[in-house]
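For clarity, chains are labelled A, B, C and D in written order, and residue numbers in each chain start from 1.
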Amino acid sequence: MLRFPLIVLNFKVYPEVIGENCIRLAKYAEEVADEYGVGVAVAPPITMLSRVVNSVGIPVFAQHVDPYLPGSWTGSTIVEMIKECGAVGSIVNHSERRVLLADISMVIKRLKENGLIPLLCTDTVDTTRAGAALYPDILAVEPPELIGTGIPVSKAKPEIVVGAVDVVKKINPSIHILCGAGISAGEDVAKAIELGTEGVLLSSAYVKAKNPKSILSSMAESAVKAWEKNQSSR
Amino acid sequence: MLRFPLIVLNFKVYPEVIGENCIRLAKYAEEVADEYGVGVAVAPPITMLSRVVNSVGIPVFAQHVDPYLPGSWTGSTIVEMIKECGAVGSIVNHSERRVLLADISMVIKRLKENGLIPLLCTDTVDTTRAGAALYPDILAVEPPELIGTGIPVSKAKPEIVVGAVDVVKKINPSIHILCGAGISAGEDVAKAIELGTEGVLLSSAYVKAKNPKSILSSMAESAVKAWEKNQSSR
Amino acid sequence: MLRFPLIVLNFKVYPEVIGENCIRLAKYAEEVADEYGVGVAVAPPITMLSRVVNSVGIPVFAQHVDPYLPGSWTGSTIVEMIKECGAVGSIVNHSERRVLLADISMVIKRLKENGLIPLLCTDTVDTTRAGAALYPDILAVEPPELIGTGIPVSKAKPEIVVGAVDVVKKINPSIHILCGAGISAGEDVAKAIELGTEGVLLSSAYVKAKNPKSILSSMAESAVKAWEKNQSSR
Amino acid sequence: MLRFPLIVLNFKVYPEVIGENCIRLAKYAEEVADEYGVGVAVAPPITMLSRVVNSVGIPVFAQHVDPYLPGSWTGSTIVEMIKECGAVGSIVNHSERRVLLADISMVIKRLKENGLIPLLCTDTVDTTRAGAALYPDILAVEPPELIGTGIPVSKAKPEIVVGAVDVVKKINPSIHILCGAGISAGEDVAKAIELGTEGVLLSSAYVKAKNPKSILSSMAESAVKAWEKNQSSR
């Protein structure tokens, strides 16, 4: 269902993604995915989820999902709801929406039981080790202090990326690892892949770009090149 | 935009409202509203919000909304999102989704600034007094211990309903007051209106009914009768 | 039990107040209270509460208290615990420890039932109106954006102070109103009292002062003068 | 600093432990520890922490601690505060006080940096695996649905205990593992140790016992026997 290297675009709830522009940004992502042969996934605001799924063929994630079973949980977003929309999975524990350990575990379990993909966010090597022990399908390490800065984690704190890749490999090598925070150019994506990840998670650099398709194309191109280099060097 | 007496149907995230049945339940509500000339509003799960708005002509509420401005708030539901869907307002501070005082105030303000209707839930006479002081358009008093019990607040704790009506009148008589918790039959609705409210907030009695349209019709009929009696006695 | 004008010193959990220096800072507060004939109260870290109570004769507040009855609430601080320590009351809903509306109401009720004093914090005129409707004994309005800045609310946003005084008077004139945020000198205290409050809530300006007793003395002196001026002008 | 087998007595905030009786219950615990040569530790309410430390020679834990550094965190309990009281460590993430994954990680790190012992609670085999990956000194597995029931986890869900022991061994065999929930008699303690744990975490069975010293003595005796049997069978 997913293709690697993978670029996950978290739309957050920026003004740019509330309404039709959200669909436009999702379509650009699909075009770039097709053109460069890379994986690109989008995570739109929850109210746009079904509309985005119906507009594009690339994987669509929710940004957050609560751990509860269907029932009397006014105002919650549960796994069955995003599945009904056609989402392929959900981001879990983003630094802007942290979750209790017990709930992270429950959400990962419920997503998998429903055939959906948990994309777990962690912030340090330690929480990555703990997160990997919960067996999410994808794990994205994102030092929160770099989010939105334009300073890429792959440059500013490569030791966190390398450390995260290392602990994930030890605990469960089948988990796909991404990195995020500050990713804003093709070279940041290339560097992330060189450090051993399988892609990136980013947000404002795409959503708020003057020319989002152009920046994403450049990232996709860099991703493919770095990926091929990695493969050939094995 | 709203018609009184008003029956607000909170769909929560019951299994019955995830998918097409949600639309069916919203359409029944519209039919009953038209047939009996009462206000009926629905609050579907957030992922169904735009679909329900596009399917019915009655007012549609969100079940919860976060206080933030558009921006980097991964996984949040903000006012602009539900407005874009065509919702008329949002439930705020439901007992299953309690909110900080500072955030209740901010959400009410942001909803109104966006031309939307805050429907604030409170649980006691004291919190109703405090809630009324924040000037929501609608205030629903619901003792949480009665929610889902089938024991109507209007019978079990009429003093809370009467007390709530009283404090709202004193602080801001333009606030519409509803009552909720345990409302499951026409007589509960009638009693609620006799106690001075302008309608009810209910959930499982409708969503989980064998014949939801029939139970809602009976409530609408009772609401109209009690309402007329109140009007004529003034 | 309390004397006005009142200066409440919130010790927070600054490094300066963990250990013996906490007692020293509380004793200075007592000396200033005695010397200038003003009310001075302290709110030490919770682990120091009983030790501070046993060391000084001035009123001692907790910084936060949970709404629960005694029972299985591991890690909570409940009303009975701070009462047993000899505290006279508790700060409620400080901007660094915001509380759900339903819980604020419950905590105020439980404090009063136990003969203790709720000191409720709010941040705007709107939340002050709502807070006043819950009938705390003391209400401190503190715009959080000014906390710790050294820019006094009484200067930067006098309209919030005046507005808060006004709504409190309307809802329940027996509530004592303080103001906080940015209070760092005697003139800020004077200005606060001139605007109609009965005192101030402050923290870093005292705890982190080179000479805390001196700064507090200057505040006490200004408080007394402004207070007398207010009284004589009535 | 700790002796095994270990019985940790979580006093919660039961009415029985607010005031002098708390000291009495701590002293009984010390007497039993001395008499039977087992480890017994107590976790009193936070306001009693320093008084209990000053009254007994056995290890004293906090029930909860926040992840923050000393600073402007009104109402928080931080590591430096419990250290100053003389606590040896803190319970972390009790089911009645769940914590975010990122904060659990930070609290464990900060406790260790301050020479204190994290006692992490988890609820399932999965969260135990994740918790063990954060390297706490002690890990207590407690299915929350059994807490306070008197139905011991060691009997009702031995597979959780065995599974937890197993994953901890694999991830970091130096972590001491306890089990909790429903422990109410000597045989429950024996069974827990037979299943591979090094002790138990309990609360109401001790705090609310008619004769707390007698029940604890019986548990200590069973613990010693089971422990010796385990040792000799290795």
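Just so we're on the same page, a residue touches a chain if its C-beta (ideal position, glycine included) is under 8 Å from a C-beta of that chain, and two chains touch if they have at least 3 such contacts.
Predicted, not measured: the structure shown is a model, and the values here were computed from it.
With steps allowed only between chains in touch, the distance from subunit A over to subunit C comes to 2. For the pair subunit A and subunit D, there is no chain touching both partners. With centres computed as the average of Cα coordinates, no chain lies farther from subunit B than D. Remark: subunit A and subunit B have CA centroids separated by 36 Å (rounded to whole angstrom). In terms of their C-alpha centroids, the spacing between subunit B and subunit D amounts to 45 Å. Among the residues of subunit A, those touching two or more other chains are numbered 95.
Chain pairs that touch one another, listed by label: A-B, A-D, B-C, C-D. By the touch criterion given at the top, residues 93, 95, 98-105, 109, 122-124, 126-127, 129-135, 171 of subunit C touch subunit B in their complex. Looking at the complex, you find that subunit D touches subunit C at residues 10, 12-15, 18-19, 45-51, 62-64, 68, 70-78, 80-82, 84-85, 91, 94-97, 147-148, 203-204.
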